[in-house]
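First chain A sits with chain B, and in the next complex the same chain sits with chain C.
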Partner chain A sequence: MKPRFAIHLALAMFALSLVAMPLFTITARAADKIDPEADKKAFQKFFMEKFPKLKPEDFVNGPYSMNEDLHKQWEEKEQFPPYEFSLEAGKEMFSRPFKNGKSYADCFPNQGIGIRQNYPYFDEKEGKVITLELALNRCREANGEAPFSYVKDEMAALTAYMAFTSRGKPFDIKIPNDPRALEAYQKGKEYFYTRRGQLNFSCATCHVQSPGERIRAEVLAPALGILNAMPIYRSEWSGMGTTSRRFTTCNSQIRGVPLTPQDDEYRNLEYYLSYVSNGMPISGPGARP
Partner chain B sequence: MSIVKPLLVSMLLIASPALAASEADFKAAYAAAEAANKEAGSLRNQWTTTATTLAAAKKAADSGDFETAVAQAKEAEALAKASIYQATSEKERWKDMEIR
Partner chain C sequence: MASTIRVRATANGDITEVQALIQHPMDSGFVKDAKGELIPPHFIQELTFEHNGKPVFVADWGAAVSKDPYVKFAFKGGKKGDDLKISWVDNKGATDTTTAKIQ
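And then the complex of A and B:
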């Protein structure tokens, strides 16, 4: 009797496993499936629910949207914006022709005006993410000019001008139907949530778990819309900084050795962060404490 | 005879920490730390503190203080190994933080 019971039990378990296995596989696949649209919805919902009083378009103002006093300071600051010198320099640089007679306008769609919201994009020929900073330096190099530093001054001025001509336009980042684009997006997401540095912080530690909280004297910005204001004038830097500068300094602040600006990891991170902020208006250049 | 052997061993054990570290000790400790930091680099996850501790070890060795140099090199190796552990464990752990 006992052996027969054991055989029945084994058969029942086998049958159950046949039924349960496909279900388990589907669940596992669903969890691992790369679904940027679902990610974006969940990401935006998280921040809207965390800050229900905030208008969606206000997220792009970073710490100034988190605190009434700071918001007042920002409104006053905007009357004489600290990034103005950079914006003027950028406009002048943008219109000045290269030695070969061509200019930045020749490298970009719509002569480079009002296009910031479309960067970064995935280049299917190259199979990689192209950021605005990268495209600007490639434009220079293609026209026989030396590339600029990715972190400040000239690059910040050029991107400031291009952002300014795109103000108010909603981020419109596309992920083409290309597995490499999805992989780049996914890698960017992984970078965003991965803890690094001796302090064991991820980007999300500050900008998802703690926006609106203080870290020392700084009020942390929400990740939603965080790139919409780039480049920024930071009082802490006493100058302008690009997205590349923001990423590398974030890494070193948590005691991680920063990667080289425009390395694949940073390009993918920018792709992910910009995509999940789709619909948020471009507000750059910005100012931050 | 049976008492002499354990006595010698215990004397050696007591005496060993007091032995001054040599340049060779430093070189071995430094090479181990550098190798671990290189591995962290291949995982794209080096820590700034590893680099500064390695530099402190080298500085101490350059001034002939091998005691400090070895201690700093060992500290650097521990930091590098921690960064390797972090990079490896985060391969899956990052998903716990994701907004879903």
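And then the complex of A and C:
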């Protein structure tokens, strides 16, 4: 082969590959396109098939839907729910005005009543996910009040009341047509399926792979509908806990280092996990063993 | 402040079934707080249910009873519409009382 011919050939092949390359990238992108709607369908189908006896709305009752004995105990417990004191405190706090005369109702659509199912939402101005807990503390700060701890007590009481007014309404999380919203969703999904901690567990290890199984004495809750019952009274905590408390304690129980409550990653996780439970009714506040 | 006592009493024939939930920290005095200091004992010592002025259930409680305790019992002789008075006294002398109608 003459050297010049070889150079020509190489050039021609290079040019060809340039033409071909964008084609490959397009097909590759189509394969891992972020498709929340398809994710949600697959996610819900997985749980329905894993537990064919359960009605879709049963999933929001967590471990109580998985085990008959627990279910009986729960029915009895619900006559005198342990979250009742917190719920009452939340109702009172919610209606009590701030020092400047405004109240929580001024910060939320529909005066904050019956809106739990729309949180978290994606704020297109800020480019981030806004959870109900975050919105509550921002409301306090905007009105010159000190923010509450995200994990329990006052925050749990407030979210308990807001969830209670939304009971039965189906989760209605929207992903706006904004690449940042899709990215937040995708990051939340990745967080959910990423293994971490000394025990090398992901969220999915317990709540997708093994719901209904026991981990020591506890029965694991299915990931589907797990946030619908938040906040919860946990007998183990002998108190109330928010979604933030659930995330941070899950992380430390797998011997990982928990993030700060309402960190971007937790907010993305809550966004993903709520979205895939779209259509499931709000059942919070809940009681858990 | 709202009452610390929730109660539900239902008459079914001769038997009245009573359920109550009481909000109280029930600190045993053996638990330490985040700073490592003992949380002083604070628990209900006596809990009384009275039906038409007559005690039907009296409990002497101590440190071993859990936080926000729940009680369930039944007694004979209650009728629908009767008053049931519930009261507790704790080791700090605090007290709370409520009256419920039997349903």
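The rule we apply is simple: the second predicted complex is superposed on the first by the 262 of 289 C-alpha atoms of A that agree within 3 Å, B and C clash if a C-alpha of one lies under 4 Å from a C-alpha of the other, contacts with A are read in each partner's own complex, and residues count from 1 in each chain.
Keep in mind that, in the parts below, contacts are C-beta pairs under 8 Å (C-beta built on N, C-alpha and C of every residue); 3 or more make two chains touch, one makes a residue touch a chain.
Because the structure is a prediction, the values reported are computed rather than measured.
Asker: A:E218 in the overlay: touching chain B, chain C, both, or neither? Say first, second, both or neither.
Answerer: In the superposition, A:E218 contacts neither chain B nor chain C.
Asker: Touch test for A:E141: chain B only (first), chain C only (second), both, or neither?
Answerer: A:E141 contacts neither chain B nor chain C.
Asker: Touching A:V257 in the superposition: chain B (first), chain C (second), both, neither?
Answerer: The answer is first: A:V257 touches chain B but not chain C.
Asker: Does chain B (first) or chain C (second) touch A:E88, or do both, or does neither?
Answerer: A:E88 contacts chain C only, not chain B.
Asker: Does the superposition put A:A204 against chain B (first), chain C (second), both, or neither?
Answerer: In the superposition, A:A204 touches chain B alone.
Asker: Name the contact category of A:E75: first (chain B only), second (chain C only), both, or neither.
Answerer: So A:E75 meets neither chain B nor chain C here.
Asker: Using the touch criterion from the header, give the chain among chain B and chain C with more contacted residues in chain A.
Answerer: Here the partner covering more residues of chain A is B.
Asker: Which residues of chain B touch chain A in their complex?
Answerer: 41, 44-49, 51, 79, 82-83, 86-87, 90, 93-95, 97-100
Asker: Please output the residues of chain A touching chain C within their complex, sorted ascending.
Answerer: Result: residues 79-80, 82, 84-85, 88, 92, 238 of chain A touch chain C.
Asker: Going by the contact rule set out above, which residues of chain C touch chain A in the complex?
Answerer: Residues 2, 6, 8, 19, 21, 23, 66-68, 70.
Asker: Which part of chain A faces chain B closely enough to touch in the complex?
Answerer: Against chain B, chain A makes touches at 39, 42-43, 46, 189-190, 193-198, 200, 202, 204-205, 208-209, 252, 255-257, 259, 265.
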